[in-house]
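As written, the chains take the letters A, B, C, D, E, F, G and H, and residue 1 is the first residue of each chain.
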Amino acid sequence: MSEEPTADLGFARVDLDRERRTGDPEVVYAAGKTPDQVVAILSRLHRAHPERAVLATRVSDEAAAAVAVGLPEAAHHVDARAVTLGQFPTPQGRVCVVAAGTTDGQVAAEAALACRVHGADVETITDVGVAGIHRLLAVRDRLDAADCLVVVAGMEGALPSVVGGLVGVPLIAVPTSVGYGASFGGLAALLAMLNSCAPGVTVVNIDNGYGAGVAAGRIARQSNRSAGSGPR
Amino acid sequence: MSEEPTADLGFARVDLDRERRTGDPEVVYAAGKTPDQVVAILSRLHRAHPERAVLATRVSDEAAAAVAVGLPEAAHHVDARAVTLGQFPTPQGRVCVVAAGTTDGQVAAEAALACRVHGADVETITDVGVAGIHRLLAVRDRLDAADCLVVVAGMEGALPSVVGGLVGVPLIAVPTSVGYGASFGGLAALLAMLNSCAPGVTVVNIDNGYGAGVAAGRIARQSNRSAGSGPR
Amino acid sequence: MSEEPTADLGFARVDLDRERRTGDPEVVYAAGKTPDQVVAILSRLHRAHPERAVLATRVSDEAAAAVAVGLPEAAHHVDARAVTLGQFPTPQGRVCVVAAGTTDGQVAAEAALACRVHGADVETITDVGVAGIHRLLAVRDRLDAADCLVVVAGMEGALPSVVGGLVGVPLIAVPTSVGYGASFGGLAALLAMLNSCAPGVTVVNIDNGYGAGVAAGRIARQSNRSAGSGPR
Amino acid sequence: MSEEPTADLGFARVDLDRERRTGDPEVVYAAGKTPDQVVAILSRLHRAHPERAVLATRVSDEAAAAVAVGLPEAAHHVDARAVTLGQFPTPQGRVCVVAAGTTDGQVAAEAALACRVHGADVETITDVGVAGIHRLLAVRDRLDAADCLVVVAGMEGALPSVVGGLVGVPLIAVPTSVGYGASFGGLAALLAMLNSCAPGVTVVNIDNGYGAGVAAGRIARQSNRSAGSGPR
Amino acid sequence: MSEEPTADLGFARVDLDRERRTGDPEVVYAAGKTPDQVVAILSRLHRAHPERAVLATRVSDEAAAAVAVGLPEAAHHVDARAVTLGQFPTPQGRVCVVAAGTTDGQVAAEAALACRVHGADVETITDVGVAGIHRLLAVRDRLDAADCLVVVAGMEGALPSVVGGLVGVPLIAVPTSVGYGASFGGLAALLAMLNSCAPGVTVVNIDNGYGAGVAAGRIARQSNRSAGSGPR
Amino acid sequence: MSEEPTADLGFARVDLDRERRTGDPEVVYAAGKTPDQVVAILSRLHRAHPERAVLATRVSDEAAAAVAVGLPEAAHHVDARAVTLGQFPTPQGRVCVVAAGTTDGQVAAEAALACRVHGADVETITDVGVAGIHRLLAVRDRLDAADCLVVVAGMEGALPSVVGGLVGVPLIAVPTSVGYGASFGGLAALLAMLNSCAPGVTVVNIDNGYGAGVAAGRIARQSNRSAGSGPR
Amino acid sequence: MSEEPTADLGFARVDLDRERRTGDPEVVYAAGKTPDQVVAILSRLHRAHPERAVLATRVSDEAAAAVAVGLPEAAHHVDARAVTLGQFPTPQGRVCVVAAGTTDGQVAAEAALACRVHGADVETITDVGVAGIHRLLAVRDRLDAADCLVVVAGMEGALPSVVGGLVGVPLIAVPTSVGYGASFGGLAALLAMLNSCAPGVTVVNIDNGYGAGVAAGRIARQSNRSAGSGPR
Amino acid sequence: MSEEPTADLGFARVDLDRERRTGDPEVVYAAGKTPDQVVAILSRLHRAHPERAVLATRVSDEAAAAVAVGLPEAAHHVDARAVTLGQFPTPQGRVCVVAAGTTDGQVAAEAALACRVHGADVETITDVGVAGIHRLLAVRDRLDAADCLVVVAGMEGALPSVVGGLVGVPLIAVPTSVGYGASFGGLAALLAMLNSCAPGVTVVNIDNGYGAGVAAGRIARQSNRSAGSGPR
């Protein structure tokens, strides 16, 4: 563990102490940062935490290219718009990421990657929107077997309510900005998820796959269900 | 049919010509009117259209009591907060009103009554919220057999999307103000229904069971499906 | 009919079973999909439903060009931003699409095409905004003769209220994003239509010509009015 | 005219100079004031302007009772929830107040009274909602003959657009809070009026009959149209 | 005057009858129209009303260039983003357009031009924002001498309230989208103007200089004040 | 376990199958139900699940009195506005409920009771608002020792962000409607929590202590951390 | 000063340490607390800080009566809905509270009392709304002489912009909920103040006179202007 | 000081009198102005106030380049998007600008520069977001030593509440538009700051570093605390 709790890079003061406090290293939110800054922060975080992967999200093509040059050992996860540097931790517990439509795929991929970086195994099921409910019913057992669910949907955001009525697994809903008109940039899906009639649904910000993945990773990796003996 | 297109009652000018133009008599929206006014307008409309029921909606207990005294032949539909005066028309076609929860019952009852007054037969199915999807799947055949569906739901308003994915029957969604907090008086359900991923869902105002019933009644009574030979 | 209910294209799982459930094939919402994906899904849907037209909406110029190369037998409906592949079904019933202004034309065209693809005949009347009410009154008979109306308007969205007071035909209102300032992207028109004082007006999402067309097509094709003997 | 521009009543500093600056005396907005305060301010304003009526709006039953006792010469206009004290000025020009429904009556009455107090003659036409457009067309000549129009409507607020397309008279639209659900307390009507496709429509606050009356009174009393020779 | 009330240009049905109904010719809202369409409509309107100027607003640089080529006798009013074709009418009455800041200039110029086209004389006063109140007080006499005022302001939209307290001239407030953050595209100014404590302020849509000009032109040209004998 | 998946009580169809699907019995949301209905549903649920407590939330004083008479063995939890009937399950795992202020107490109590009913042990810490950060720092160890956190706050809703930066325990944030003015009924706190800069914060509806308790109970009872050997 | 930083009253944990940290004792926000709780907290705070006044705001009539009985030495400030217990501190610096209308009086009184409790002298000027600008100009010197201004206004909230353009004194604007319709509970005034074109205006929550008074008290009591030698 | 209170530049009327009224020269808000206009206004203001720096904010790269050519003695403050011309005044008092994250840096820099131009010394502390509260506690003494604080934060906007609970220094909160989804362009942070539970927090518009700097500069330069003898 790092001696110094904070690393001053001039343009940012990186929190190196987060892992000690919370069990997870700080993550680079790359939007609004220059490619060089992304490379520099990733590099510094990796030096502080060489034993496990560090993560950058919302990585532009330009920043990804800079990372490819400056940190050739880093991995670019194109579908998730993200970069990782270092080994993934040994997974504990399993998260199932469920997405309503193909256009929700980027958010789902970000969630899945964040789960993996934060220590859980992950499985992804896509294109199970509520307008074709048979597709969802067909995968009920896989939903029930997970330690935590991340359910991603845009438009009317109804999927978490249906899933939350099928199984009692902890469930994190992610509204996406997919839609138009009275979707108001994801507001419709967000409100729907907050008002879910299925008990126990919790919600994150619009398009915040990362935040859902962190929460799900924490829940799954401390779960005793995967061992087969857990209560429900 | 009335000779005069408008009846001037002093406090209101009643449109007696609507039936000729649209096939339906004018309806009394009783909210904001005094009990005496409700009685007077109902009476006048009945005189113009003695052959078929006239309808008053959003009837307060006070107005219902005044109607019971002044128009003893009127029927008070308590669950729909409504009053009718005159015979229902012979039904043509059938509407199925589907409600997500018990608390949506008043809006569903208003919709069902409006369907009946506007000339269609009606069947009501309640308590089939999406958090217990098996209850809905069990009635799929009844949904499919209708000439038009009215789907009523509050909170996250997800029910029309699921129903709309099961059958291709014309579907009118009614958001209700059931909920609290970020439901914002039914706004969440309204936005969800407007953004439904199931194609062909149309929507009316929050708690507007009456409007949905009028639309469904018109669609059903001109339908050739009930005869068993209709296309789909 | 297809043997498999779902076709897995890698990037999407296409619902081939929708026609059996709802009477209509799935439609490609092309926004957010690559030109190649649009071509692939159209092609796969056409293979599953060779006997009737499949539809792609919100098709960009790039996607339309790709379709022209990859599926030369497809038709590009420029004014509706849409592509169809296959024969239109024999029309049953007739929808009248009414638009307030010329700038509402694209949404009206999408609605008209969707009606046709979903099995109804269609007639379009444009430039009949309420600020020149004589233009609307002059076409009252054509409105009354339809099996279903689709009324398209932006800005203050008043047209459905006036039309809905003239005739009793089932009416679907489509708010458009035409306007500026306090139009708030079509919100003003949407709210106006939801609050229409004309009974029986139902509403779809802002700019959702497609959804209105699906609903109107279903209503019209099951109508017995066109035969001249229908009730009103 | 008063010597002092302001009268200090302890609980309020009454602007006695407004008439000199603007041609109109200050008006008492009685909401939120005690009955005694309403009586005191009316009395003081009347003393400063004995030659013409002073006005109090939004007068509660309690305040009206206190005025009846303390200022027996005052007139209580029940339908407008208002009180006047003193003679109306000789009218110049004529305003036509047009209301969509009976429930808009209180706002229309407040507007009409304000017109009269501010120096114009006034005529009121009610129950001419757009869902029965023939009622409006029947009064077109009366609309055209006015020096200014005040058009009052709740729900979808479409009436000003239709009226504004019929005649070129200056037109002030007043949205009312009549409605429910997605009316959002009059917001739907307000937005509709602000987005009117009829050129030249101006708008005041929701339920602000008084403000519309002041504006219309000013416009009408300086008009040369009533004399028959005015341009249009 | 034209024989036909409507001219069908294929892409639009131009209302040639508006002048007979309202005293003003139809105006071309050029936003969303192609340069060729703008030229065609202007040309057709001018043919119907050769005796007075026709107006196109929100004219892009491209459309203006096309007009310069196709209608060389047209005048391009750059500061108002507008084009006129034909002689201005002889002015009757005078409007004073008042703008808070330099960035409100384009909206003020559009208002002024619309006044002129609709028959009134016009004077413009700029840069008299309320944060330097002395600039406004210095022009009080010019404000008082007008037949109608158009007051244009963005940001907090306070100017109409101050002006409306200084003089009793009919006043139309125009909120602009000038501002950022919690201005929400002009919403802050719009709400402020609707809630003005100065009686008689009426409001148009955000950035709608044209609508304000039409209303003000109508009010001013029928005014008898300019003749020196008018009441106030 | 019940044989029938649904019990029809006439006014409601109670879902008796939820426990089998999700591990939790259905809960009575008493708001909007009559006292007799609350008693009847509680009684029926208890009969189906005699081995563990059933719960009614948002219980009015009237309903609580009816329960006291009809189901004397039930427990009334006044501070949580709730009633339980039957034994609490043996707790597994521990939830820590943290509340910012005393006025958030009712929501916190509802959350704590729901945790207990859903199978987890619970500890509550109150009055640790961020404006006195020392109070929060003093209890850091207790926060870190929990299997799940529920963080309740109104007004600016900042508490979850600070807590989420101190420990890496799964965290569910509950915005409350405590506040006034620009709190907009809890909207300010809701938006703040959705935008938390602390990773992994998930959110439920305004005042939804129950939903947070269900989610936290599920997370805690499957946790292996309490045993002392869990990863973080 | 108290030995313990927090006093646990069972229903609340009172922060006794705030004075040491911030220079001001904690204040009782009485809304939502029982009369007994208000008495108990006031009593405990007074014991901890006997040398200076403690304050309770938003005190209901019931709570005020309980205080009158339980703490007879307390002072009830009826116009500010507040109670104080203990001596006011010797004032340093002077705040001028300026209110637009009489209905803003309660908020202004709360602000003035908070200033006084937090150590500054205070002067109040009322009824200087912008629609009568001469009333404001007449007091310009008093505004300029203050160490800090608190400017209170409802409706369009324009007063801070005008005052902020007259003098360079630190200025805190307080929007009030006075208004109706599109005031949206004070939102219009709040947005206006946030968008003020006068530089240096800062804003507090709607109706938050207390918060403005705390801020103004702090600014004034550290000011060197009152001594006559301060820079501007 | 200038003889003329206003300088007419043709395109703008520059207020040269502001310094006399308020102690501060007018500032150029460069957004929406051409590079040439920015140069001209800066030049004119500098001529009127040669003894102290004049400021232009929101300066685009193009405008900055034009200033570099036309006014080579001007200083370009890149991080603040601003230009100054002339000597900074001798500082009196000290402001501490505190920013939550690196992406809030531009707003913080604008605030700091405005403080300096308006006469106060300034210190900036960045990257002290509430999710790492130890970073903030480490600088408590520096916060306490300032005459005024400017606290800048986006996303959930929690930082002012925490800082406002630590020290009693006058505090101005600046919400930024940093965030996405339910941040709604800074609305979430704005509402949070307006609802702060820390007493005495005042707020400016989203991203309005300049306004905060003006207010803080005025507060700090009149402070007697820096001298070591001030009260708290």
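A few notes on this one:
Quick note on the criterion: a residue touches a chain if its C-beta (ideal position, glycine included) is under 8 Å from a C-beta of that chain, and two chains touch if they have at least 3 such contacts.
Note that the structure is predicted; figures quoted are calculated from it, not measured.
Looking at chain E and chain G, the chains in contact with each of them are D, H. It takes 90 degrees of rotation, in steps of 5, to superpose the Cα atoms of chain F onto those of chain G. Using the mean of the Cα atoms as each chain's centre, the chain most removed from chain C is G. The pairing of chain E with chain H is characterised as different-residue: of all residue numbers used at this interface, under half are used by both copies. Remark: chain A and chain D have CA centroids separated by 58 Å (rounded to whole angstrom).
Taking each chain's centre as the average of its CA atoms, chain B and chain F sit 37 Å apart. Residue numbers of chain E whose C-beta contacts span two or more other chains: 18, 132, 165-166, 181-183, 187, 190, 194-195, 199, 205. In summary, the structure contains touching chain pairs A-B, A-C, A-F, A-H, B-C, B-D, B-F, C-D, C-E, D-E, D-G, E-G, E-H, F-G, F-H, G-H.
Against chain B, in their complex, chain A makes its touches with residues 100-101, 129-133, 137, 155-158, 161-162, 164-166, 179, 181-184, 187-189, 191-199.
Remark: chain F residues 5-6, 11-13, 15, 17-18, 31-33, 175, 177, 185-187, 190, 205-208 touch chain B in the complex. Considering their complex, residues 21-24, 27, 92, 119, 147, 165-172, 190, 194-195, 199-205, 210-212, 214-215, 218-219, 221-225, 230-232 of chain F touch chain A. Those residues of chain C that touch chain E in the shared complex are 102-103, 126-127, 132, 134-135, 178, 180-183.
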